[in-house]
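Shared between the two complexes below is subunit A, which has subunit B as its partner in the first and subunit C in the second.
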Partner chain A sequence: MTATDNPQTTTGVPFTLNGKAVEARKDELLIDAADRHGVHIPRFCYHPRMNPVGMCRMCLVDVDMGRGPGLQPACMMPVTPDIKVDTESEATKSAQDGVLEFLLINHPLDCPVCDKGGECPLQDNTLSFGPGESRFVEEKRHYEKPIPISPLVDLDRERCILCDRCTRFAKEVAGDPLIHFIGRGAQTQVNTFPDHPFSSYFSGNTVQICPVGALLAQPYRFKARPWDLETVESTSAVDTTGARVLVQSSRNQLTRILGLDSDAVNWGWLSDKDRFAYQVTESENRVTEPMLRRGGDDLTPSRWSDATKTAARALRGDPARVAVLGGARLNIEGQYAWAKLMKGVIGTDHVDCQLSDGLPAPMALGLPRATINQVCAPGGVVVLLGPDPKEELPTLYLRLRHAIVEDGVSLIELTPRPTSLSDLAAARLHCVPGTVGQVAAALAPGVSNESADAQPADQMTAARALLDGSRPVTVVLGRANLAESARYTADAVGALQRLVPGVTFLPALRRGNVLGGLEMGLTAGFLPGGVRRAGANFPAWPFVPDFDGKDADGIMRAAANGEIDTIVLLGADPMEDYPDAALAKAALERVSTLIAVDAFVTSSAAEADVILPAALFGESDGSFLNLEGRLSPMLAKVTPPGQAKADWMVAVELATALGIDLGFVTLAELRAELSSMATTFASVDWNRLASADDGPVLPLKRQWVLEFGDAATPPAPSSYGLRLVVDHKLWDQGTMAQESPSLAGLAPPALLHLNPADVEALGLSEGTPAIIDRDGATLEAPWVADPSVVPRTARMAIRLPGFDVRSLLTVGRSVTNILIRAAGGTH
Partner chain B sequence: MSRLTPENELLASEIISRYPRPKSALIPLLHLAQEQDGYVADDAMEHLAELVGITPAEVLGTCSFYEMFKREPVGRYLLNICTNIACQLTGGEELLHEAEKVLGVRPGGTTADGMITLEDVECIAACTEGPCLQVNYRYEYRVDPAGLRKLVDDLRSGARTDIPHHGTLQRVRQHIPADRLGGIEAPEVAGTPAWFTARQAPPSEQKAGS
Partner chain C sequence: MGYLEGFGVTFRKWGEGVTTRQYLGGRGGSSDQKAPKPERLHGRHVLNRYEDGMEKCIGCELCAGVCPARCIYVRGADNPPDEPRSPGERYGYVYEINYLRCIHCDLCVEACPTEAITETKLFEFSFTNRADAIYTKDELLVGDDGKPQQLPWEDWRSGEDEHTSAWMRATAPAGKAAYEGVVGWSGELGYGVRAPELGQTAPPDEADRESGAHDDHDDHGGHH
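For the complex of A and B:
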């Protein structure tokens, strides 16, 4: 049926609500229509972001459909023309009364010790709509008080009212149905299967949506009462999705993060990392005062002035011998201040906020951008040319999953391995490292090559059909494999651009505000606003660098060769976080001065000569630029500990020590200058940023012509070599997870994943570890036969406890071939 | 106890093949597991989850909904004595007490020799024949204490060959020859069945956009 066949698509559905004539939207549920007209119908199970189930009956209202009034659940009933709804009738009231009385029969009256007390829908509804007194005098049902159902979530089954929100969320939204209704009738309870905990990356959402205090977040348990909390709207800086959040504090401590229902971004959902990583601010290991190494000794606390003086001395030399790594942790303002300090004052262009784990800056900055809502628009085709979004951008994963499951979006995977979305994908093209460019090129009609021929023919056909131009196409673009040059990704981007004119991209990078960093010029060859360095005119800056700098790889190599004297680490920890561990070590040990701006003494900061203590998330005001180019506020709720300062202030201090006025001493001055320098920020109304719903999407349209290479021929594998795929897990040994007590233990042990066919061909036997050999460098690793691994590849994740895969990685290699043999055996 | 044996796993895949979606086969598979072990073991539920592609929690959700799937080991014979109103009036509770004495267990318990599990149940729909009971869901009518003692003796001595072990659903298993396996297409593949389209809803009742 087309839209014009049905008069309801163009006009509203007229009905009567409590005697007033109003209109509903087509297919709108009565409960939503009433909400829009200011009539609140009480509810427990209905949640606007999930399918209604009519579980709790709290929303019963009197509806007259022409045959006299009768009770109907408002959450299950799309409004039909001319119904008469009475939400205040005697029948409605007695239904509400009855439902609540029954719910309270088994609900314990332990509100004074319940986390939910004070913000509990059951409390609120009982007060507004319920009976004043209970007639129930019998014994209530009892269960063991909270049982842990995951490392992060406790479940108090006595309090559960069986609304099906948590279980529905787990199944429908997260796709992790690890909790379920167990039993029947009065004995029904929510629970997990024995020894299969609710270890979903999204478990914390169930705590937020539980309408009673049955699900409890362990990090928040007994920490605060809702009426004590102060709240500010902010943005999660855990990954580039920039999920919108509410940050809450009590007595100058961050206490809780809640998801904010933003239509454009995260729909109220968060990953557990978004939700619980705030604990990092409370870590005992925080650096709270400047640290200085005085002549080869240990790092000792110092005054700010001494620390900045030492740092300034090291920065005064030849700018071409100074480099900056990191900056993705910083907010936009911090990034601008540091870009100005290092590029406009010191004059170096050796700056990179990515650690060889992202995309080339021109690609991340210059490709036409899509928004999340455009990617997820019903009926579109999405090409995943990047990592598993569940592991690296989990909130984006929820949006993608919903788009595929509910809105008819078709997914084409162009990935080195199956992802968490593979089961839902319309075409799965899993490409051995080095071949993705060729496979993408062969999606064009009439093109074929060896790599594409190796793909299943039906999958190629399906993908070609989806890209035939009849449906809008967007690309979720990221770095899927750290052991493979981004060049092949670039090839695939070029192929897709040629095949689908007007295709747009969502740069799905992982590190916090890295796209802000790129936009602010924390990358070689660029200045704030995505302006190319060469020939740029920046009047507010003393000058601009007169040479094109090196990226992280170049900086590392130059430093290891003694060509760099001073490295500034802006929250970066290359010792642990740079893919080539040996090179990072060589580089950091060789430089004469290492300056770390960090909140922790990371492995890298431990090598530093100066540590300047930085404020973290929730401790300084600023803004965040997400992967869409959406600028949203990231606000302070507490004060930084000790003498730690916001990153932009650190830059100002350092400039002062250099005897230079950076040009701003307040955030407002900084922002005014930023807007005048970076044209993409020209129209930003900084004062309204905090009140704008989801933040404005900046006009990041570049006039550049980007030419990406023609599918380079992948290097041929040698003898029985496997090609390495290295990516990230959400829980790893990164600082954020390690310093948040409740997240620290979640990283799974490192494991080498091999296809069973390769296991057999290699003669590995169960129980014996494998020896991985890359050009003589060896690593012993436990392994697992995993049918999801693409044959002739080997997969492992970086930064997990057990072994360090980085000893196998050398930057600059196009792909990484490894040999594998059984430990103890011969070649 | 255990996952499905190789023979039962084979049987399971045949059962699964009869359904349009693997998870639709869950209840017959739970019966299969119960038949194998006398109850549905946790390991068996995990195995079924793998076989039909859902999580163990989902299997448990279905399994625990049904009283007749036992998730703890029960005896070879499950003795259900009705204590609902009609049987109560005709001596059901006395019968239960007698059983407790004879077996030495309370309802829910299993005799030390692992032979008999005693349960009291609500009406089993044989009210005219009370007091009545079931052994592995096979009825015994108008049972008096002496009859109960004889029944227990017979069960223990193996005299009641007519009653299979607990969990046995059927002694003759239906096998559908491959060429007669039909109609297993999922509705979304098979399209709307003819009987469904025959009556077109009037436009006013049709959901817009569908």
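For the complex of A and C:
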């Protein structure tokens, strides 16, 4: 238990600490109570976010429980009334001396070359509490110097002091028990199992919590020493969780990201993507100057003035023939500036910061929000109506997992596939694509339908019992399947709202600051502050669009039909990232001017006529709106390379080229206007944002009401065999991972997952690839029999090396049916 | 008429002759010998190598961290496994000292855990551009004979390159007099293990030369 679990407890436990009468909270550990009263007890194994184990004995202190003083480990001992604790007694000192002398027997003198040197708890404790001299003259224990236990983490076993932090983290927090103690006595070591690398999405956390230099981050190896580093508190923009981070740089280069212990968000944990994707800023492939296509030639470096002039010429036409895609990479300020430029100046409403892989904007904006702490509050019920959180929102996954395992939260899965949380779920309802709305509707008492009857009766009963209104219910809501229309998810949301009045939602979208983008009006039909376009009054804007725009699907179709002349890509790469590859290609090739604001020449930017170089994470000041509606700072630590600019400055440049004053030339002016225009931001104190602990949760109340109809009937089974489930893996071929050297190789090869029963029915034989047939379009794919796949479905992840599943997807289809047969000849 | 008084000074000084002399650095024949240098003169640095030729620097950046003038820039890197530059995992990949900033305080020498950086008695160097003032690792590293490399703008006399780590050897590990005469450092390329020099317990006539030697009492401690 952590101190934060019961902050409101007022019934104190009186005890004596170094002669002073103080009070501990109920059930509080002695080590925490001492910390709160300003007495630091040295420790190695104790970590406030994990269960104590008492491995290292460094926290031994003199405790008198009425029978005379004796040494007790402070991390294992809840404070009981009237004990007398002495952390400075002779016995305590001699115990600390002894523990450190023993720990240093086998610990090598690597400090000058060790990446932990300078910020090492073992160094610090030795200096503060150690004996100063060693009596050990024998040879130390030797192991092979650092062995890679995963592509991201090196293990130096000589340095390990066996504190059990990493192994506990892997087992208890991440649920990936891939590292463990092996051997006995002096030969005990931490290691992986043979042939099983420590391929956890969370392996970097073990590096951060290691109290010595035994676990080291490969990307940070020998890059800098702690005293070189400058630090700012920022927010990770890798997914919508918005994990709080420390961004560290040395000599104007980002060198490291550490998790910041934020009670409300990530508890100090990060996914490896949060932690290591900063390398993208150092990529050699960065676009550092504007690029311009002159005539039909290749893209060539150009000046800002020429590039913006060319872009401005294309933007001057009929606003209904201009569209914007993307914007989830931008910070709030960049999103506002672009929303104002495109909607308030140019006057188009064809804007979408999602690429058909999220939720309809009214749903993402209009549902009552829950916070992560509300979702994870002890005793609640959580409905997972979305993707596997481990793959798409890994830091949120750690919070959810802790809530289920430690705090008695019950999980109901309403997903098209088992997820990483299935083993812990109280009710598992895995719905064939198209049926989730019906299944959710049947959770109400007395309702039944065909789809619900297909679910296991015991799971339905368990889910109904959990939703009987006796426990608070929250929903983690996202897009679980790209090959299935979001309308079925909407049906399920409607059903849950009717069943549980007052249910709140956590919109678990995937793309960085996409919820900020929606809030800032980078979506059709809305303006900053979640206000509907129609009838809105925006005095600081020259005007507002006079038509309701299209979403990404609509924009793509219109562009492919020649109804759009100019598309602006705000960090979006539809060629690789839009679920319908053929449509994206047709659209981008048909438009006459393509303007890309990006840091890389992505497949889409390579088609562009103008590329404007943008600053990335850690290179510009701004803020981030996470899935709770929490506004937290995202600060610059290094300067953008070359002539790259912050996104809001790019908008200002373009406005200038258009001959218009956007109304702000500094971030402060922009923020002042933003606060006055977007009512949800009216209360934000921008100056205090960087110093606020977790950032304020904005009151995202809407003036309009979101309504849902009855659940649609699921599409009838066709002659086609299986229904396709397409989702994301954490490691894929996205630009961020591809341009980070140590993440580029982590994407697993694309594989078709089939239920073993279906494999047998289809007559597939091991070693022969399957041929996937969708309306005559065929794709050959390696496959694997996977019992976790729901029968009559087939599962694939998008953007993996091997084959491109997007060739099977067509936007606008309610579900995607495929036919599978064995490939004729040998492979 | 105040300005006439001013001219008066000029005219009076006219006939007094020149007191500034050109520094000849020993080139002026027997009358212009270089003055003997003090035992612990702080000249420019060298990066030492072990007897087997390996570099002593491991790129730990402690020297850069301790430098009060922020004149040292170091970056470490993984030793190439087939051709290691230094013993262990890490070597100094970049090592630069900016002599426009260096104040020759020798804190870097004290901080160095491997005796890699020491100061010579070479102090006669002047540059005509800033790039020359930044000594790179190639320039600081001793040559294959263990001697400092002479750079074009450095003024040397024979034998001056012998004293590359004298100050280091005069100081006992942990500064304790009990270590007097004990060799506490490793061998160097070109010199092997050098003999210990006289340290804290030097004979009285040696110690007399040191100005603070006679008033070394607690009540004067603040003057040191």
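Here is the rule we go by: the second predicted complex is superposed on the first by the 812 of 827 C-alpha atoms of A that agree within 3 Å, B and C clash if a C-alpha of one lies under 4 Å from a C-alpha of the other, contacts with A are read in each partner's own complex, and residues count from 1 in each chain.
Please note the rule applied: contacts are C-beta pairs under 8 Å (C-beta built on N, C-alpha and C of every residue); 3 or more make two chains touch, one makes a residue touch a chain.
Source: prediction; values computed, not measured.
Enquirer: Given the alignment on subunit A, is it a clash or a fit between subunit B and subunit C?
Expert: fit
Enquirer: Quick check for you: in the superposed arrangement, does A:Gly183 touch first (subunit B), second (subunit C), both or neither?
Expert: first
Enquirer: With the two complexes superposed on chain A, say which partner A:Trp227 touches: subunit B (first), subunit C (second), both, or neither.
Expert: A:Trp227 contacts subunit C only, not subunit B.
Enquirer: What is the contact status of A:Pro112 with respect to subunit B (first) and subunit C (second): first, second, both, or neither?
Expert: After superposing on A, A:Pro112 lies in contact with subunit C but is clear of subunit B.
Enquirer: Write the angle, vertex at the C-alpha centre of subunit A, between the C-alpha centres of subunit B and subunit C, to the nearest 10 degrees.
Expert: With subunit A as the vertex, the angle is 80 degrees.
Enquirer: Check whether A:Pro146 is in contact with subunit B, with subunit C, with both or with neither, and answer first, second, both or neither.
Expert: In the superposed model, A:Pro146 contacts subunit C only, not subunit B.
Enquirer: Which chain makes contact with more of the residues of subunit A, subunit B or else subunit C?
Expert: The partner with more contacted residues on subunit A is B.
Enquirer: For the superposed arrangement, tell me the lowest C-alpha distance between subunit B and subunit C in Å.
Expert: Minimum C-alpha separation, subunit B to subunit C, in the superposed model is 28 Å.
Enquirer: Along subunit B, where are the residues that touch subunit A in the complex?
Expert: Listed in rising order, the residues are 42, 45-46, 54-61, 64-67, 206-210.
Enquirer: Quick check on the complex: what are the subunit A residues that touch subunit C?
Expert: Subunit A reaches subunit C through residues 110-113, 117-118, 145-146, 221-222, 224-225, 227-228.
Enquirer: Which residues, counting only subunit C, touch subunit A once they are in their complex?
Expert: Residues 58-62, 64-65, 75-78, 88-90, 113-114 of subunit C touch subunit A in their complex.
Enquirer: Could you list, by residue number, the parts of subunit A that touch subunit B in their complex?
Expert: 1, 6, 8-9, 26-27, 176-184, 191-194, 196
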